[in-house]
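Inspection log for the structure reproduced underneath, given as structure tokens.
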Amino acid sequence: MSPARALLAKDLRAELRARQSVPAMALFSVTAFVIFHFGLDRATIEGDLASGVLWVTVLLAALLGINRLFVAEEEEGGFDGFLLAPVDRTAMLVAKAAALLLYLLLVELVAIPAFALLLLGPGLGQALPELLAVVLLVDVGIAAVGTLVAALAVHARARELLVPLLALPLLLPVLIGAARATTPLLLATGAEPVPGRWLGVLGLYDMVFGLLAYALFDFLLED
Amino acid sequence: MAEAAPATEAVELDGLARRHGERVALADVSLRLGTGRTLVVLGPNGAGKSTLLRVLATLLRPHAGTARVLGRALPAEGWAVRGRIGLLGHEPLLYRELTGRENLRFHARLHGVGEERIGTLLAAVGMEHRADEPVRTLSRGMVQRLAVCRAVLHEPELLLLDEPTAHLDPAARELAEPLIGPAAGRTRVIASHDPAGDLGQADVVLGLKAGRPALLAPARDADPAAVAALYR
Amino acid sequence: MYGRGLRPLSIATVLALIGAFSLVFFYAPNDADQGFVQKIFYVHVPMAIVALGGFVFGAIMAIQHLRTGDRRYDMRSYVAIHLSIILGLGVLVTGSIWARASWGHWWVWDEPTLVSFLIVFLLFSCYQPLRFSIEDPERQARYASVFAITAGAFVPLNFLAVRLAQAYTHPRVLGTTGGDMPGSMRVTFLLSLVAMALLFTTLGKYEMASKHAGQQLRALRARLAAQATAR
């Protein structure tokens, strides 16, 4: 079994036992929708407002997952255990990013239907395939940058405060791309196709930061 | 120095130094340790014993001097020796949400070794009945026994033990003996707080004070007064 | 080692600054639409260019630090980024004043360069909190370098995304007389840019010299203390 797969399996097993990240992120998303309902004083939203609310919520929920990503390694000696093994160091990046990606997909499985139920005016039916494409591109970007930020913050003192400060500006292009891409899908007048330019921006971001994370991660582990 | 050194030394250090910021953690450490021999490192708290072990484990890179472990130079060839070293440090390096068995299985997969020995090792330390409970439910002594299993599971040639018997009761100590004691036949470096107890199994003694070697001799030549002086 | 050449550099900076100020007040023409206030352009834009240059320089120094492990690169990276953050604050303040004077609002979202700059500023402002919350000095330097490189790579992507997002809104608010700058303006602008760059470099060298001296002092003290205990 490859080390990345072993690590991922270990993380998923621990998450299943302790049930920390995913339920919290999902619950947070639903609560956020309720907050938005009262904060905006709207029963239904559509178009760019709906797009913004959805992606801001996903972004903030992601922060919860990012915060916890390396905590077990740091507190329970997982870094040492991994560094002592004869494996490629980037296996940890791949495993953790894959775990974060999985958590995000699971959370969106709950959050998007909740969103459609609680706040969204127009139906999602037609828009779903394109929405899923956007979701995938967004999640890969968040996974790459989120893992890097989580690793940066894990040895710092005020880790939970640092993660939002570092991650939110870095993820702003993802938010811009996601929101602009999703707006046409959520119009009250019927879903329109997604402008390709935004998928391009998201794809470019994923590529650049994916490669950057891969190149820099080793330096975060060595001593 | 060790007598009539065998063909390949397990550990060769020359002027090894390591800083922590501007503080000196280790300085001017030079020694040779033959294969199958035991080095006991003595010294007060903060003397650098744990740092030395972590450098030998390839977890920390030397800041000056040279270090060769199992014939490979550190840090350049650290990757080549990683799988051949076992570290039993202050932290048990076990995930608290996983069971003992799952932890050992994970360790085996990371090291690319088979999982057949897990059952035998668990039985050897008397943990076969508690191996399927999450580590967070176990007492510190039991966790330490699992940590011993983890350190030797991949059959390392070099064992690095940082106060290995600290959390073990005498019965557990006896169980761990064949795995990490002299009978195990591996090269060992032991950081110890108990000169009286551990000097007996040493071939070479290194005394550290504020990161610097204050004493280095074959065990039989070690002067008890010098050992006591380390702690003053 | 950093103190060399500091005096001629300081003199050159002061001269350039005086020269630039003179040109701005006495030579450059008043803008037809925006009046005198437009002259803030000669502070705002050079500051922005130098600050962005400083961030990129900091990122490059960070790459060198990771590649060679030489702590001097880390120090250069730190000083460059830290000075650029201060300049960045100046950019945002002057940009805000300019927006208020010419458009009536203290902030405009329609100016993509300014908005991108705000985001980059917010990001790099995390550099120091990150550094100082990691206690191990070696690790602190390494992690800071990783962050500086990430933030540096972020700058162009961010600029692209924000630019695209504003594509169909108002034309540039804080532009000046279209693309064509008359000669007098160009000269003034170039001298302001040179002066700003010299200011940055001089302040940077001062800071590096002082940090270097501080480090040497601490190292000497540590060595003396170690010798005393060894005796």
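The letters A, B and C name the chains in turn, as written, and every chain counts its residues from 1.
In the analysis below, a residue touches a chain if its C-beta (ideal position, glycine included) is under 8 Å from a C-beta of that chain, and two chains touch if they have at least 3 such contacts.
Quick caveat, the model's predicted, so the values are computed rather than measured.
The interface holding more C-beta pairs in contact, when A-C is weighed against B-C, is A-C.
Distance between Cα centroids is largest for the pairing of chain A with B. Separating the centre of chain A from that of chain B, both taken as means of CA atoms, is a distance of 40 Å.
In whole angstrom, the spacing between the mean C-alpha positions of chain A and chain C is 32. With centres defined as mean CA coordinates, chain C is found 49 Å away from chain B. Shared interface positions of chain A, i.e. residues touching 2 or more other chains, are given as 222-223. Those residues of chain B in touch with two or more other chains do not exist in this structure. Residue numbers of chain C whose C-beta contacts span two or more other chains: 136, 138.
Only residues 57-61, 79, 82-83, 85, 87, 89, 91-98, 102, 106-107, 109-112, 134, 150 of chain B touch chain A when the two sit together in their complex. Of all the residues in chain C, the ones that touch chain A in their complex are 66, 119-120, 122-123, 126, 129-130, 133-136, 138-139, 142-143, 145-147, 149-151, 153-154, 157-158, 160-162, 164-165. Residues 20-24, 210, 212 of chain B are the ones that touch chain C when the two sit in their complex. Note for the complex: chain C touches chain B at residues 136-138, 218-219, 222, 226, 229-230. Chain A makes touch with chain B in their complex at residues 1, 3, 6-7, 10, 13-14, 17-18, 72, 76-78, 80-87, 222-223.
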